[in-house]
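In what comes next, subunit A is part of two complexes: it sits with subunit B in the first one and with subunit C in the second one.
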Partner chain A sequence: MERQEIIDGLIEVLRTVRTVDPAKLEHVTEDTDFLTDMNTPSTELINIAAKVEQKFDIEFEDEDIDEMGSKVRDVVDLIIKVKARGEAEKGESA
Partner chain B sequence: MRSKFTSPDELPDTLVGEPPEQWLLHGPTKRYVDNYHWHHPKVGIVASYTPTAQNVEDHFDIFRGVDQIESFAQASVVSCGAFSECKKLNVIPERLAELFVPTFISIGNVNFHSYLEKGQTFVNIGFIKFYKWRQIVCDGRIYRAPKGLDLDAYFKDFDEQRLMKYDIGKEFVLIAELFDITGRGIKKEMFEKLL
Partner chain C sequence: MTAVNGRKVAIVGMAGAFPDCENLSVFNEKIFSGKSLIREWPLAVERNTQIRSMVSGYIDDNDMGLEPIYLIDGYEWPETFVDTLNRIPAINLATADLGSVWAMIGALESIEMAGWTTAETQSEKTGVVVASGGGGHVILRHAWHAFYERGKKSRAAGSHTVDRAMSYREAANISCLIRNKGVCESIISACATGLGNIGYAYRLIKYGMQDRAIAGGVEGTALETFIGFDAMQVLSKGFAPAESSRPFDMKRNGFVCSFGAGIVALEEYEMAKARGANILAVIDDYFNNSDGDGDMFYPSYNGQIRLWKGLSENTHIKPDVVKVHGTATPVGDILELISVVDTLGEEGYHISAPKSQFGHMLGAAGAVELVTSILMLQNQQVPPCINSDTLNPELEKFQLKEGWEGSMKPAAAYRHLIPQETVNKEINQIVCLNYGFGGTNSAMAISRDNS
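Now for the complex of A and B:
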């Protein structure tokens, strides 16, 4: 999955989050910070993470969330990491 | 207080009847839960507290609103969170406290309807809206309990449906409604970096 594809999916998720201003989604880049650039309440990051799980069919561990940064890049990196982990686990169990 | 648990195998199925000091490891002067009366780990909790003279000192003999919120958070977010994390990680509360710091993350709306004086027992009725990644969000209400009522007996047959509807007798007086009370167990090493 390409990074831009993940960002597009992430933006789709963000459109469903009440506290995210849709106008701020027009110019999202990997450097965009949820807290400082989008004024997302920090408690909302957990809700976003829960929606991201559904959108990308992945499952975050507690430690993934502990280490998650607040930039779009951090979330994209995390999605890639968790997807790879999930595929590796599938491979092992097959 | 020393832990009564020596092994996770001794952990109970619910918090009902458990001494709060075994699960709320801070205290004792800031511990605002006396008894757990009903608990369903995935649903919520009913816990009571009776403010002491020390709790209302310098405050017109009234238990402060912020302390009501604290009591509710200890009863719901902290107690339910600690219980579920101990079960998940298969550790006793003492060990959990070595790994994580229970932190207050956020408070949503709180509406106060009445007040509590020294010696007036109240119940925190909290239900779990969200619990994942060591973060727990609870809504609920605080009610002043009728004087002398046996709360253990009263809530013995309580259930999820009654909890969600706050289906308790009219003799209970609504004190506060609380929304989105949020806490999180943060890894100790991460918490220390916040300093």
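Now for the complex of A and C:
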């Protein structure tokens, strides 16, 4: 999965989060910060994580979320990492 | 704690969420023209092999200007609501279940009607006392389903299970929206909740602890709530929707489970008067007690007689209308009728049972029925007790039991007290009665402002 594809999917998720101002989703880059640039309430971050899990068909570990930074780049990196981990596990069990 | 001498409490604003009504004026029009707000409930009909009762006074999201938003993978539970009329910011909607959204809208409308300034609303002397009867069932069902059935991590339930389902969610959401700095609490007492919260807020002002309060009761739509009562076989069954709620009628076989919200703005009387507020009603007094019979469900004649005695202790009680609890359950209605008659006599007032028109709103009942009573004062009209077609010419079973101390006349002897058409008359005082499981009883007397 390409990074831009993941960002597009992420923006799609963010559009369903009512507390995120849609205007702030117009120019999202990897450097955009959820807390400082998008004013996302911290209680919403966990909802975003849960929705990202659904959208990308992955499951984060609790530590993944504890250690995740607040920039779009951090989330994209994590999604790639967790996807790779999932595929590796699938490979092992096959 | 005693009441502060000379301190009175005025009702200066009111609002609510009413079944099959877009707003308060539509509600007013329908109630006093004798309409029923009860309809077949699609959510119950969808499960008609599992549920006995098929009717409810339920509220359409459209009528409230709300649009539910569902999760991206198409769950049946709305994740949140959009306020299509832009009254409530998204950040407040995020922490609210449906009942709390109604409560917030009601609070804003009540404050607007009251004419409070922002400084008054946000004062340390402004409190919020609002609650609902039921728990946050819909929210919890979603949370538990994701955890237990789908085996998901706790976060799959979302981060708003607590704020959207906690017992005082309506008060908390209103307070975060209006930013008052006085008390924020909920008084929870089953079907006496609506009147109980307003009664408690009245005392806060009467006793000098607050100058203003947003108070009321809410019952957000929840099939779970309905199922609980349906399982007890206490819900109305077998009538056309508009004929389903039949207080006092011989054929009544249970109440209609409904949903809604009633919110009022209370203010210390002299302050309201001094700023030229429109005083909708004055609260003469509030009193509540318990049956003491050790029975969770069965209504208590003695408990109700003591309720009237307590209400009359410090204030002159001579109501032109008695707004009864009157749910249309087989025992409750006539026992209540007799406790009223044995207290007030057989002439000189009317009995109003508004549940005949909108059903039993549980935790919202006392509040919505108080709003209905304020409308009676404004209109100088008593709405009809619809479907009270035939009153029993025979004695009730409880009147034949050994130890019965009340009237030995049948319900039919009191036909003249229970109007079947809207009555125009001078109304100066109304007594409102509500009771709840657990043997809790509440009474409030309100009057027209006569100064």
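As a convention for this text, the second predicted complex is superposed on the first by the 94 of 94 C-alpha atoms of A that agree within 3 Å, B and C clash if a C-alpha of one lies under 4 Å from a C-alpha of the other, contacts with A are read in each partner's own complex, and residues count from 1 in each chain.
Everything that follows uses one rule, which is that a residue touches a chain if its C-beta (ideal position, glycine included) is under 8 Å from a C-beta of that chain, and two chains touch if they have at least 3 such contacts.
In this text the structure is predicted, and so the values were computed from the model without any measurement.
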Legend entry - subunit A residues touched - subunit C or subunit B, whichever exceeds: C
Inset, instruction - Name the contact category of A:K55: first (subunit B only), second (subunit C only), both, or neither. - result: second
Inset, instruction - Using the touch definition from the top, say if A:K83 reaches subunit B (first), subunit C (second), both or neither. - result: neither
Inset, instruction - Using the superposition on chain A described above, determine whether A:T16 touches subunit B (first), subunit C (second), both, or neither. - result: second
Inset, instruction - Using the touch definition from the top, say if A:I46 reaches subunit B (first), subunit C (second), both or neither. - result: both
Inset, instruction - Find the residues of subunit A that appear in the contact set with subunit B and again in the contact set with subunit C. - result: 41, 43, 46-47, 49-50, 62, 65
Legend entry - Touch list for subunit A against partner subunit B, complex: 41-43, 46-47, 49-50, 60, 62, 65-66
Legend entry - Touching residues on subunit C, where the partner in the complex is subunit A: 69, 71-73, 79-80, 82, 90-91, 93-94, 153, 155-156, 158-160
Legend entry - Residues on subunit B engaged by subunit A in the complex (per definition of touch): 105-106, 130, 132-135, 180, 182, 186-187, 190
Legend entry - Complex contacts: residues of subunit A adjacent to subunit C: 13, 16, 18-19, 41, 43-44, 46-47, 49-51, 53-55, 59, 62, 65
